[in-house]
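The structures come next, written out as C-alpha cells.
Heads up, the next two complexes both have chain A, just with different partners, chain B and then chain C.
Showing the complex of A and B:
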C-alpha cells in the first residue's frame, strides 16, 4: 500500500496522528533538530539531515522515573510510575537509526531480563522510517554503508517514507504499518508512477555513498582482542579525547544506565538515568577502586564493546554508522578512523 | 598576518627541532582529523609524529587543557593562540605546571572559525585577542592594526536583564543541558580530580538531566571559575546543545576585573584574584 501527501500539508497528517496517540517527530531547536513529543502539529519539521540526539530516547528516555517513595513508610505507599499507554508514532527516523532499534532489542527485549518499559513502548509504537534526501550531500561523518545499511532502506520501519519533490510517499512495510495507513483518510492514494518512483528511490539509495571500508566482523573482533594490551595504540587514539559523554549520549546503540535514588527531605524517587563509559566514575567501585582511571582505558572499552565484545556475545556490531559521535565530538574523535587504524595496528 | 600554511610549517620545524634535541618529550599541537575541516588536538611524541601536525582556521582547541595530563616535570612544548597562552599563564599561577618545563610556541592569528557553524570566532565568544601573551617562540608575525571589540561588549543585552530575568534566562538554558560534561572537560581550568559533581559522598546533585541538578552543576562550575576563566570559549563550542556559557564567564570576569583590577592569565607574576589579598582590594564583594 502506497499513500502520499504534500510535504507542506504534513501538519494535517501530524494532527491526525496526535488524535490517535502520542506523536514523536523532529522539531527544530536552536542547535538543530531533535525528536520531541508534538503538541503543536505545525512544529513537525522534516527539513533535517539527521537529529542531534538519536531516537533511542523514544523507548529508552534519558531519565525514567520508576517509583516515588517516602523514607520510613511502608512499601505499599510507594507510587510506581504510570506508563503512557497510548499508541505512539515515531515519525521521520533515518534508516540507520531504524536499524539501531533491532540492536537495542537484544539488550532490552531478548537477552536476560526483559525490560517492560522498552518492550511496551516498542510494541505501542509505529515507526515511520524516512529515507535520506538523495539530492543532498552526505555528511562526511556518516559511514552506515560500512555496516551494510543504505540511505533508503525500508527494512525495520512499519511505514517507510521517501521525498518526491514536494510530496511525501508513504509505503506500508509491515502489517502494523498497513493497518495504520489504511486508517489515515488525510492521505491520498499513490499512483503507479509513485510506486515506481518509490522502488527506484530505494534502489538509488544504494548508490548514495557514505564512507566505506570492508569490515569482517570476525576479523575486527579478533583484532581488538589482540591489541587490548597495546597501550601505545590506545594512548595515541585517545590523546585528544576529553572523556566527556557526548558520543555515548548521542549514540543510538549505547544503552548503559545508572539506577539512582534522589532523596530530599524524606521524599525520594528511584529512576534510571543514562550513564556513559567515558565518565571517570562509571567504573568506580564501592571499595574506592577504579579499574579504568585512564582516558585510553575508557575509549578502548567503548570501541571494543561496540566492535568486539558485542560481536562475540550477540553476533552483531553495536554501531549503525550514523556518524553522530564523530559529528558532535568537540575534538573530532572519529570511531571510523579508530576502527580503520585498529585493523592496521 | 602570517598565513595558516606558513604557521603550520613553522610549527613542524620547531616541533622537529625540539624533539630531535630532546628539549621536550611531547609537543602539544594540532593534528590531522578525518578530513581537513576536522583537525584534532594532537600530541607529537616522536619526529615521525610531526608530519601529522596541521594548522588551519579550525584549530581552535585550547591545548592548555592537556597540560595537566602529564606528570609534573614532563618537558612539554605547547602551541598556543592568544587565549590559550592566558590559560597556560593561569595554570602556572595555580602551580599546576612550571614555567621552566614548558616551551611555549606562540601563534598570532585571527580568523579562526567554529567548525560547527563556520562562524569566525571573535570577541563575542572569546577574549578576542590575536597575539599570545606569553611565548618562547613566535611562529608568525604579530597581528597589528586589527582592533578587536571589547570582550565585554556582548554583555550589553545580558546586562539589561534584571535579576529575575537573568534567573529565568539561565533556568531555560540549563533545562537544555544533557549533562555530558563536555564544558568542564574542554575547559583548561577544570582540572579538579574528582570534580564535585562526580562525588558520591556527599552527592551534591542528582544525575538526571534536569534542575535542580543541572543548576547545581553549572552554577557551581561558574563560580569555581570566577577570576580564573581566561575566556577561550571552549566550553561554549564544546556544548552540543549550544548553551551560551561564555555569557556568565564574561560577566564574572568583567566584575573581577573591575573589583580587583586584574584579568585572569595575563602575567605569571600575578596571583589568582580569589587567592590573593591586597589591602586596596574592593570591598564590593562584601556589600
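Showing the complex of A and C:
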C-alpha cells in the first residue's frame, strides 16, 4: 500500500496522528533538529539531515522512573511508576537509526532478562522511517554503508517515507504499518508512477555513498582483542579525549545507565538515567577501587565494546554508522578512523 | 512479565556488630517473590536498597534459612551503607535478586577445598563454607585462610571456632597490624600459604578480597602448583542493575553481574582484567 501527501500539508497528518496517540517527530531547535513529543502539529519539521540526538529516547528515555516513594513511609507504600502506553508514532527516522532499534532489541528484549520499559514502548510504537534526501550531500561523518546500511533502506520501519519533489510518499512495510496507513484518510492514494518512483528511490539509495571500508565482523572483533594491550595505540587514539561522554549520549546504540534515587522535600523517585563509560567514575566502586581510571582505558572500552565485545556477546556490531559521535565530538575524535587504524595496528 | 527492577521488602530481624565498621544483618522475606530469592546458591548476590539512598549489590553471606531468611554483612563505606548502619531491628529495606552465578558446586565435590579471604571478602565465601560444612563428608580436607587489617576487623569469630571443630578443617589467620592481644601471624594472606597441607593438583581454591590481594594470591598459588582452572575468585565491580543491562560491570564480553561474579583463573586470564 502506497499513500502520499504534500509536504506542506504534513501538519494535517501530524494532527491525525496526535488524535490517535503520542506523536514523536523532528522539531527545529536552536542548534538543530531533535525528536520531541508534538503538541502543536505545525512544529513537525522534515527539513532536517538527521537529528542531533538519536531517536533511542523514544524507547529508552534519558530518565525513566521506576518507583515513587515518600521518605519515612514504609516501602510497601511505594508506587511503581506507571508507563504511558498510548499508541505512539515515531515519525521521520533515518534508516541507520531504524537499524539501531534492532540492535538494541537484542540487548533489552532478547538477552535473558527482558527490560519491560523497552519492550512495552517498542510494542506500542509505529515507526515511520524516512529516506535520506538523495539530492542533498552526504555528511562527511556518516559511514553507515560500512555497516551494510543504505540511505533509503525500508527494513525495520513499519511505514517508510521518501520525498518526491514537494510530496511525501508513504509505503506500508509491515502489517502494523499497513493497518495504520489504511486508517489515515488525510492521505491520498499513490499512483503507479509513485510506486515506480518509490522502488527506484530505494534502489538509488544504494548509490548514495557514505564513507566505506570493508569490515569483517570476526576480523575486527579479533583484532581489537589482539591490540587490547597496545597501550601506545590507545593512548594515541584517546590523547585529545575530554571524557565528556557526548559520543555516548548522541549514540543510538549506547545503552549504559545508572539507577539512582532523587529526593526533594521528602518525596523520592528511584529512576534510571543514561550513563557513559567515558566518565571517570563510571566504574568507581564504593571501596575506592576503580578499574578504569585512565582515559585510554575508557576509550578502549567504548570502541572494543561496540566493535568486539558486542560481536562476541550478541553477534552484531553495536554501531550503525550514523556519524553523530564524530559530528558532535568537541575534539574531533572519529570512531571510523579509530576502527580503520585498529585494523592496521 | 516480571519487572526485575522493582524491589520487594525485607525486614531486618537481627543485627550483629562484626567489627568496628561492619554489621551482619539477618533479613526475613515474605510475599510472592520470597521463594524465588531464597533459592539462591552460594556466591550469588542481591541488590539491596533504601529509599533516598539508592541500591547496591551485596553477596549473600549465609546459606538461606528454610524459615525464610538470610544474612548479609555490610561494611560502612558509602551513603547507602552508612544509612543501613543506622537502621534498627524491624526496619524495612528493599531487595531484588538473586543475581550472578554460583561456584562449581558439582565439580568441587569430594575434593580438598581452600578458601582465601581478605577483609570483608570472607562474607561472600561464608555461604560456600557453610555449604561445604553442612555436608562435611562430601569433601576432603578444608582449609580457610583469612587475613584482615587488625584483630578487631575479624568477622564471624565464634562461628570460625565451630568450623575448626569439624574433622580435617583448619583455619589460618593473619593481620596486617597486630595489637597487644594478637599472638598469631602478621602480614598479607600469602604469608600463610606455606601452612597449606592440601594437594595442590586436585584442590579447589576460592578467593575473595581486594583486587591486589587476588592478584598476588593467585600468583603464589600457581607457584605452589594449584591449577588455574581450579582457582576461583569472586570479583567486585560497580553494578547498578544486576541483570546485564546497565553496562557498569562489563569486563570485555563478560558481565560480572550475570557471567560472574565468580570466575576461574582460566577465565580471568582471558579477560586481561584492568585493575
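Everything that follows uses one rule, which is that the second predicted complex is superposed on the first by the 342 of 345 C-alpha atoms of A that agree within 3 Å, B and C clash if a C-alpha of one lies under 4 Å from a C-alpha of the other, contacts with A are read in each partner's own complex, and residues count from 1 in each chain.
By definition in this document, contacts are C-beta pairs under 8 Å (C-beta built on N, C-alpha and C of every residue); 3 or more make two chains touch, one makes a residue touch a chain.
Worth saying up front: this structure is predicted, and the values here are computed from it rather than measured.
Could you tell me whether chain B and chain C fit or clash when both sit on chain A in the superposition?
fit
Output check: A:102 vs chain B and chain C. Expected answer is one of first, second, both, neither. What do you get?
In the superposed model, A:102 contacts neither chain B nor chain C.
I'd like to know which partner A:328 touches here: chain B for first, chain C for second, both or neither.
The first partner, chain B, only.
Please tell me which partner, chain B or chain C, touches more residues of chain A.
Per-residue touch count on chain A favours C.
Touching A:8, do we find chain B (first), chain C (second), both, or neither?
neither
In the superposed arrangement, which partner chain does A:304 touch: chain B (first), chain C (second), both, or neither?
In the superposition, A:304 contacts chain C only.
Kindly classify A:40 by the partners it touches after superposition: chain B alone (first), chain C alone (second), both, or neither?
neither
On the A-aligned overlay, A:183 touches which partner chain: chain B = first, chain C = second, or both, or neither?
In the superposition, A:183 contacts neither chain B nor chain C.
Of the two partner chains, chain B (first) and chain C (second), which one does A:111 touch, if any: first, second, both, or neither?
second
By the touch definition at the top of the document, which applies to A:258: first (chain B), second (chain C), both, or neither?
Touch status of A:258: both partners.
Once superposed, minimum distance in angstrom between C-alpha atoms of chain B and those of chain C?
Nearest C-alpha pair, chain B versus chain C: 6 Å apart.
Quick check on the output: what are the common chain A residues between the chain B footprint and the chain C footprint?
258, 260, 275, 284
Please output the residues of chain C touching chain A within their complex, sorted ascending.
1, 3-7, 9, 49, 51-56, 77-78, 81, 92-94, 210-211, 236-238, 240-241, 243-248, 250-253, 258, 272-275
Of all residues in chain A, which touch chain B in the complex?
29-31, 52-53, 62-63, 140-141, 239-240, 242-246, 249-250, 258, 260, 262, 271, 273, 275-276, 279-281, 284, 295, 326, 328, 330-334, 336-337
Looking at the complex, which residues from chain B come into contact with chain A?
31, 33-35, 37-43, 61, 65-66, 69, 115, 176, 178-182, 185-186, 194, 198, 200, 206-210, 234, 237-238, 240-242
Taking the touch rule as given, give the residues of chain A at its contact with chain C in the complex, in rising order.
For this pair, the touching residues of chain A are 66-67, 69, 71, 74-76, 78, 80, 107-108, 111-116, 119, 225, 228-229, 255-261, 263, 268, 270, 272, 275, 277, 282-287, 289, 291-292, 297, 301, 304-305, 308-310, 312-313.
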